[in-house]
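Scroll down for the structure; my scribbles are underneath it.
Note that the chains take the letters A, B, C and D in the order they are written out, and that residue 1 is the start of every chain.
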């Protein structure tokens, strides 16, 4: 089993015919994901990669193919609308890859989705992969993942791959890996994903990779302390980042105490998470906590 | 993008929010001229994109135009060091000259966005003119926070609550209610990520003005605001940073010895931390981006190699869409440009075509040190730099 | 409140929605003058608050100013009878004179509010200029409806869908997209309950205009639009209605013989139905309102008693906040004013102080017929009026 | 038992110190309703009718007294905000008496409440009364109601009283009476209330009083046909109303076919509802359908 995606996933790709959309649709198919439809306004009727029908609107795609998950590659200025369009037909999981969506668009989208039965992952994220189900809704490299019982949740794409690589080095596979995205306002938080892992029978332990900016890691620490009943190893990067500068991710900026890596590490440590001392120690730390538990 | 006070006030006044009479001046004579229209009774404020300028002597009150001019002369073109700048300080290339206000009351108002609750929030404080952090410590009961539903806007009952805190007389309550509505509309309409007005001044003749203003615009939303293109505050950026940004690189210049070339923001931060482990420091943050091509890698390497204080280069690539062989070929290309480069390249490459990349790099004469993992990378950097010193 | 076409267009043009060149005229000479500025090539449209005026001859096209003036002379001051008016028709007190448009395409656009889904909804139709009901029957596939989330506004994907239906060229698609956004903003901002633009005209030179416009403003929202006070369309109301409304009564004049005085809108409608059962007709709808006092009841009775064609009065009161004794005292007061009144008052009073009311009314010389329930009321009305005829 | 309100009702009155608010708070208390707090901005600290504490904000009242129901008498221009204020603290049932709220305010409120756990009854309604529980959240006269097993739902205030009176005449009492309000956009529809009556063990039969305007009665007819398993007697008034004129209620206007009384009667009749032929026949019709069932 896994969280968010699995063999039942029926994937719609929004912005499917663009360069990125096309490339990653193909990779998702290769991985085994059930990619059933694409949407690009004005390109309805085309067929992508010899098998994916393209529709002009999400509504048409929904009526014809009944997707339950959407993967969004739409350019930043149209991406918020694409999320709303998917939510309005009742798509249950929306994974938005797009980087550079205005933050006001995202607060509007978040308010719109509140109290609705739609989960948004991202934007500005690598997506979700569940190796055991051979299901990928994202842009991570296919071949680094192996089925296993470690859940990974991270604000960063490449660091997730790094974590997966180090897991492989110590012989551990992944239940599901989720990139929640590096923007200041994202759909699913650390806590949201930790809750899912907590309820997931296929996950034994969790790697959580945070970074400077915001205070989502502190909220995660509270959840870990109060409710999570699985071991967590946590890496926080950006300890050597200067204050007041955005480190690539729009959300990775030190603007107050909470945003500091040191504060996040302190919170997670006192919540009982194992702190991964160096980026190179992800694998060994998870190995140790598995032994301890 | 951070805006200068004068730019911020320019936007506010367009949105019908009152600001003091004033003008931005780039030379002392202009200061004299404008101050003279106010009989020399002015405040002169250094325009820098950093806080703490008041305490650092960047804001002064005058009662003669000559004195105002003299102060402007002394500060224009210099670097102002505040507790928020580094030791280098921030260049003062303009000053804002404004009328003096007869202050009856000062308030604090700000709007920004909370990442956790995913909502904009308004902070109002009955005491203005001080750091909000200070007030939060001294008298937190004077501070009220209201989250704003971005689809619904500020609600009447929220406005009532905020206004009650301030215990203003009726007519000023009404002005302040309109003021709060206006700044929320402005914040949303103009894609601000921060709007801080500290202080809002109520003058003894009953005017309500934004006496200071700090605005940050969401960089991701600039595309829909052509009017912001005139705010080119890049002049205050480091030249190398500016060049890198112009090339489409996510580059931040730092003070250390180890140049970093990385794909992915998270991995780039991790790479900085790896360098940090060694006791040495990263010379930069650099994310070449997910869709980088050979040109971008070459550009990145060139920018780093031209920084002569850099003593070693750490290349950390997790190949996905960006293939490792492309990175290797970029290194060969740069070798042609810099045939005499002797600084070491510590390289960790994983993922797509990493083995091809290793083969490609076998024949170069550059000082290439291939490593297999992050800990090995930091060990190699450490041993090299330690031996150098 | 319904607005005239010229008033509607006046608002639209203030909201930057294009309308044809035109002017409203209250006399034929003004028609001549304005038509002359367009070389006599104009359309003259009777301004009445009802549909169907085109088919009824209220809209005509001219190529000379003299003819336009002649038509205006013939129609101004007369009553225009359309399939939507009664036989009396609607008084034409002004005409709108407009430039002739070279029509390339006509579209239909409207926004109103759906009571069931509690949302505003936009209707766009590729065929304009006809009744939307007709199009719905002939070619429903040309009609698209999109519900609008009033907090979020029109969504991009909805606009795309609507525009796709019309298959417009790119530049006109863009104009139409802006047009739709503008009319939604206008609808919401101005508290319209209906906005119908039929047709939207695309001219052969590529302009996109609101060639007709029907607006209804939510009466309950007029308090926040001072600008609407100038639209005093009361002149077209029945004089008695106007007087009753000015007194704060919910009064609608009808054609029948039985005057009704009731508290509560639902009970007032039911009372009309009770009269209707008898084979006779109500002379009015009248809800005195929940918080009515003696003065309001007296006013109501006075208005009804002065209608000489009324042959009987039915008073139906369910006493709650409004006590029945207050109603009884109002009847005594009116008796003093109309000592010779012989028409019967059929009275059903229930609830608070109804027994006191009966006692109060015992000594009057008016023709009072007390009844205990609604069926008895209709029986009494019926027997009285039948015996009269 | 009853629907919406009962012995557990803890009532907050918004706009409690105004003329109407004060009068009806007193009547609610007389009837037996647990009126625990009032709100009027600027009047916090006062005590109404010697027992009801007044607060400046709903939030304060909520924290001090924990109401679960709110009754609103706030003037039209502030009423929408009052509803939102009550919903924001999590009040479960909001009954809004206010007449004359702009329809755009109500569509905004309705959208805001969608997917939220708050029920709105009204505005422009007489409220809700459950005689068996001696609980009244509204403005109907106290003394006409008697406990019993008939549910009443109506768009009109005085017609509801008329129905109750006629029930009393034939010896029947009421489980709960709900006035849904006469505005074009109201919180709870006929269908919403019929659903509650359908699930209410204390209700044997239902009187539904509709009128011209809108098509809420047609939706009710569909529900009656498809799902309701209790007998309904229905009166529709306004058969003799002229087209295009508002008959007192902002929502009572004939603007299309659906809005006609005759169409509503047709729909309800073919859905199996007993049609009350004349306003004077409410009592006898309900008597008959009770005999039949």
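What we mean here is this: contacts are C-beta pairs under 8 Å (C-beta built on N, C-alpha and C of every residue); 3 or more make two chains touch, one makes a residue touch a chain.
Predicted, not measured: the structure shown is a model, and the values here were computed from it.
More C-beta pairs in contact connect the chains of C-D than those of the other pair, out of C-D and A-C. Taking each chain's centre as the mean of its C-alpha atoms, subunit B lies 55 Å from subunit D.
Remark: subunit C and subunit D have CA centroids separated by 27 Å (rounded to whole angstrom). Within subunit A, contacts with two or more other chains are made by residues 108, 112. Annotation for subunit C: residues touching 2 or more other chains are 149, 151-152. Chain contacts here are complete: no pair of chains fails to touch. Contact residues on subunit A toward subunit C in their complex (touch as defined above): 41, 56-59, 78, 81-82, 84-85, 88, 108, 112. Residue ranges of subunit D in contact with subunit C, taken from their complex: 20, 23, 76-77, 100-108, 110-112, 139-141, 144, 154-162, 165-166, 169, 182, 184-185, 189, 209, 211-216, 219, 235, 237-242, 244-245, 247-252, 278-281. Every residue of subunit C that touches subunit D in the complex is listed here, in rising order: 84, 113, 115-116, 118-120, 149-151, 188, 191, 193, 218-221, 223-224, 250, 252, 254, 262-277, 281-282, 285, 287, 290-291, 318-321, 350-352, 373-378. Within the complex formed with subunit D, the residues of subunit B that make contact are 149, 152, 155-157, 160-161, 164.
If you check the complex, the residues on subunit B that touch subunit C are 151-152.
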